[in-house]
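Chain naming follows the written order as A, B, C and D, and within any one chain the residues start at number 1.
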Amino acid sequence: MVDFGFGLVPSSRMNLDLFDKDKYEKLAAIEPDVRICMACGSCTAVCTAGKYSQTSLREAIEDIKNAKPDKALEMLRCCQLCGKCSMVCPRGINTRNLILSITKVYSSK
Amino acid sequence: MIYEGKQKIWSEYQKEIPDDHYFYVRSCIRQSFFPASEATFLDITRNVLGKDIFETEHHTTCGGIAYHSDTIPQETVMTIIARQFALMAKHGYENYVCSCITSFGLYCETMETWREYPELEAKIHENLWKSCKLEFAKPKFLVHASDLIYKYRNMIAAQAVRKLVNVHTGEPLKVVEHIGCHYSKMFPSKGVGGAEYPYVLVGMIEAWGGEIVDYPERRHCCGFGFRQYFIKGNRGYSLSNTHKKFESMEPFKPDLIITNCPGCPYFLDRWQYVIAESTGKTYGQDGHGIPALTYEEVAGLVMGYDPWDLGLQTHQVGVEPLLDKMGVEYDPAKKYLGKNGKDLGSPSPCACLK
Amino acid sequence: MKNNILIIGGGPAGLEASAQLQRMGYNVILIEKDSSLGGHLAKWDRLFPDGVPADEVLSGLIRSTEGVKLFTETEIRAINRLEKSYNVRLTNGITVLSDAVLIASGFDLFNAVKKEEYGYGIYDRVITNADLEAYFKTGSDKRIDHPKRIGFVHCVGSRDEKSGCRSCSKVCCATAVKQAIEVKEAFPDAEVFCFYMDLRLFGRHYEDLYLKAQKEYGIRFIRGRVAEVSENLDGTLIVKAEDTVASKPLKATLDLLVLMSGMRPSASGKAVGDLLEMTVEEDGYFAVRSGIAAGQRSLLPGLFLAGTATGPKTLPETLADARAAAVEIDRYLTEIFPDARNYKQLVRERW
Amino acid sequence: MTPLNYILAVQAADPEVIDRIPSGYSHFVIPFTIGITFFLCWIGVGCVRLLAAIPRTDRLRFWKSLFIPKNIVKNLKDLFGDCLFHVKIWQRKPLLGYMHSAIAFGWFMIILLGHIEVALFVPARLNVTRGGLFYPIFYRYFVWMNPGHTTLRGSFFFFLMDFFLLYILTGIALAVFKRFRSIVLGMRHTTKPSLADRIALYSLWMIFPMRLLAESFTADLSGGSFLTVGVNHLWHFLFGEKLLFTPFWWAYSICLGLFFVAMPFSRYMHILTEVLWILLRNAGIKPHHPRKGVAEAEIYACSSCGLCLDACPMNVQKKNLKYSSVYFIRFLRRHNEKKINAIADKCLMCDKCHALCPVGVDAPALRRAQRITVNNSLPYEYSYLALAGTAGAAAGLRPYSAAAERGWTRPGPDSCPADTVVPEVLYFAGCMTHLTPRIIKAVEKVFKAAGVDYAFADREGGICCGRPLMLAGKTEAAAKVIEANKRMIEESGCKTLVLSCPICYKVFKEEYHFEGIKVVHYTQFINDLIASGKLQVSKSDEKIVYHDPCELGRGSNVYIEPRAALDKVGTLVKAAKEYDESVCCGGSLGSLTLDNRDRAKITEASLDNLLVNDPDTIVTACPLCLKTFSETVSNSKHLLTDVKVKDFAEMI
């Protein structure tokens, strides 16, 4: 193969066709609240870990739906489960269990 | 795909293209990469169809590449354009036809800008006078050379010796049409068929017996993108763009790509080589590429021009399988002979691309 | 003597206003250009937010218009303003001398063909909200064949200056959520995506509908406008949009794409407006005397407006607007119209 | 009166008791012997297995504890109090306590007295080879009372045996009654028995009536007292001279055998496991695994009595009853992984079931252990905590500067610049308190009023205390957070750490192991301020009800201080259930899976509990309770009540 000094760059476009429906349904069976996020960002705004790291439950939910589960796990790995997000969520999402469940379901390959 | 739906859109985007008497300006890139295309254009229009197409050696670049690469300001490019218009007026022409899509886009942009800001036009008059002591008049009709071939497509078909048909199967060739971005994406009304379903090349393909391929990434840029190509560090983006198009058209198994822009045939052609040599992937049949030709080259082929006279040997992707399919006779030995019959030397063979 | 009132348009607004004015004792003449009454409502299957059948609502409206003089397949040929009244010549040859005219000309659905990038009328599996309602009503549409992945595009022809409409059409968000639920009910295995710019679910129970769509039907809401649709070899569609919440472009392969065509001013309404030399605002809808205090009065005395002729409205808003117009007409015909001597002055003061 | 089919051995002397059957054996003992043998083997193997599963150090500690005098006393006290007399149940529900103690203590006494009798009258029969396993149980069958030779001693035993039999029978009668009408005994919810439970239960019910029948049928031979002899006369009256008693001894033996075979598979196993659990518990050994070792003793010590059903705040909804501790333990016994996890995750960890458990089973700890097995291994990335925690130390700054570095601010116009004084008192608000700024504001106001020299550790936000992670079973991750926080607090050089969140308080007190830093909850701290006269308060006639936050009350045993302080500013009224019986607000971080609506139901029940005496104000001392109550009193159900919800510090 010839090295031209440049090559194909990966697309930043998310491909929803790669969305793993089975895994998502598994997650939704454990914690159905994953369905009802409306991306208001309250959880991220109050996040204790978010002060020091890139932590966002809102983004993690989004990432899962956008077929980027690894990114979702990255968004949650610094979480301290303090529960502030559950107190501020306007939809009453059971955030701590959602975080644990996402980690459980998507950590296992 | 509902054909009637497209026809409806085409009917809404029709522009007036005068039949004759044009002032012709060349394309910097095409002169260098595909010089035979412009020669073929002039030959077909002047000699075969008997049209009055005037050109002068005094015209220059339109400045588009420099403009789009952010190296010259708009007023400068407008003044260059004004000079071209002045040359046209000087030679008594009102219809302006350009070979280059970048130029076409820039002329449209300039004329629209002047329409919105007449004071800018006045300033350009002043600039041109100061710099060249010339007065310009805007063209009455501005068309792209492909518009003209589109206009003459049926005349060409009438004189054609062959069609865009696979002579072995009798099936029409599957043709991908690729329009230069600046042809109609900026001003859909300035292009035949608009921006979403441009008809300018489709009309030729239909008239000459081919079958059009509508693949998902048909709207996507060829990957030229000026700065994306000029700076080596960015070339990966350019390449990836082209790659995306080929991945998308691959399932449709096209026989041929036809383009109307200087950069597109170049990048659609050369990047196939780069993709093949760096990843091993080829998109044509049996390790070949998909030939990416200009509309003049295709017109020349159906009219029975010799492929080497059309400059098809300047393409990286070999055109022989296409010529075979179309039943074009050619002498492989003459592929790399110059006009004077001397051997120009042949390029070193590719590892992956046949 | 009973005053004649001409009502133009036999949709929900025209029907409701007719019924109210008829009850008040006026002589109501209702004209409708189509052969049947109901306008868009007649073409709709069920209504948000509760899924009430449109037929039920429409037949209720029609029942209540008993006694109204009704001319279908009738338009206005010419209209003259006399000193106080309007002399209207109809296409069926009848001439009406009307003391008040109510324009309830409604709206047209945006012609989705104009959004070329969505390929409506070109791609086999792109349909509109109206097509989907027709499918729900009739149960057949050759474009809908057990789709597994379905997308809804909100704001088609709304909030889009390029398609000639800057404003919001108000009903599409709720309609999209309603239809997304219905389509999921029809095809339970399907994945359903709604591409929205803002979710404008302002009304009572609308938010519940949204929550239900997420929670019970698993409908995915993606904030971002679909910008490009392409067709694959197998007829499936590739949709490109940006997930603006994730700040990333995305693509998805879909089996069916539903375009939520918005509301545009009615073309036939505009023709009537032209005959009357009525003022039309930049958005194409008729101007009213005061958007807050006199939303049913046009700028011309004796000429009233109701329903979506004055801008996008939901069905209950349209009906309320029609009732308001009836009250306004009654006020005009009792307070201003009879006083022949002071008519002009009263119009100046009270119109 | 002598039955004809018996030939009595000629007795040399005139003994009181004559060994009626020289072999000391009859076939009817077989069911019992099989049952008891199986049971003893089971117990033996179980004990060995259980002790083997305990870590070595714990095992050693256990053996040692059995010989420490203080422990011996406690063990005896607990064994008699909990296992036999069921003191805890007595205290709560006297009738239920009577029932339990009647059966347990009564049976224990019958067995004990039976053996004493044998020891006194036919000592040789105690030898296992001579029927020692069953002889004392069926003593009355094998002996013949020498008429006329009955001594006072004999009569005394006859009386005692009959007395305790009657005692048991009254207990059984109550038990039978309870099975059908539980509410009378003060229980709203009872457990659903399993098959083994049923077998054991019905055989247990039958044992004592059978014993009465058997002994009363032979009472004319083997003697008896008021009960057996009395009934014996009745039988003679009914059936005449000849009484066929062998079937009843068979029945008695079968009931016993059945019971002992079913017992290991039933909840009645608790009768014996409880002993082991008490010994282990008193030795201070904690479970490391939700099912093995100590936990096993604990699981089997559960009597499935169902008191925890009434205790559980989730019982407001019938559908959530299945998540109560008793079922958790039942599924732990059955190794039903799916249900174990579901129940473990649902619990609010309010600890009420533990507080009320007659056996002291710490189900919340078991649930946490279960969560550990699932969640502890989940990945996490806490390297950033180093940045959060050691900014000052990394810069080589002195402790107080580290405080300044972190932006800890000292309020008050006349206070010295922040970087010159080591704060005496450090206030740590915690994550949740930051969502209820009114607490912070009130605490600072109180501190200023009392002239407390303090620094505010997390004014700009800190990191979590680690308790939520522990509650979720992520102990390893919690340790990291604790470590980072500990370093930060220690660097400050403070002497007292004041916390306004009970969740923080519990973990700071139990897991941080500070040296030289006193950890207090602000209720305690403020109460001290008032008591020492540093803070002047005035009493109003506002009717206050105090809600015990779970982590503060049951969790950390702080009940008195907040009440003492509140009593000085208002009039305390009682809630329906208080102190260790207080009802969780529903906002607890303990539950992982309980959803919003279910929580709301609990909150409403908790509010109902607080509002019985029509208070003006609900006062709590936890940001979570405060937020939960505040949001709920303003919603629909409680819209009409104008009760205010205030934080403890606000009230002061």
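Convention: a contact is a pair of C-beta atoms (placed from the backbone, for glycine too) under 8 Å apart; a residue touches a chain by one contact, two chains touch by 3 or more.
Quantities reported herein were computed from a predicted structural model and do not represent experimental measurements.
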- Item | Per Cα centroids, the chain farthest from chain A | B
- Comparing A-D with A-C, the one with more C-beta contacts is A-D
- Query: Which whole number of Å gives the spacing of the CA centres of chain B and chain D?
  - Reply: 86
- Note: chain C sits from chain A at a C-alpha centroid distance in Å of 40
- Could you state the distance in Å from the CA-based centre of chain A to that of chain B? 46
- Residues of chain D that touch chain A when the two form their complex: 345, 374-375, 378-382, 384-385, 387-388, 431-432, 434-435, 461-464, 466, 468-469, 472, 474, 477, 481, 587, 589, 592-597, 624, 627
- Listed in rising order, the residues of chain A that touch chain B in the complex are 1-9, 11
- Query: Mind pulling up the chain C residues that touch chain A in the complex?
  - Reply: 191, 193, 210-211, 214-215, 218, 220-221, 223, 240, 243, 245-246, 248-253
- Query: Which residues, counting only chain B, touch chain C once they are in their complex?
  - Reply: 1-2, 4-6, 8-9, 194-197, 214-219, 251-252
- Item | chain B-facing residues of chain C, complex | 113, 116-117, 119-124, 228, 230-233, 238
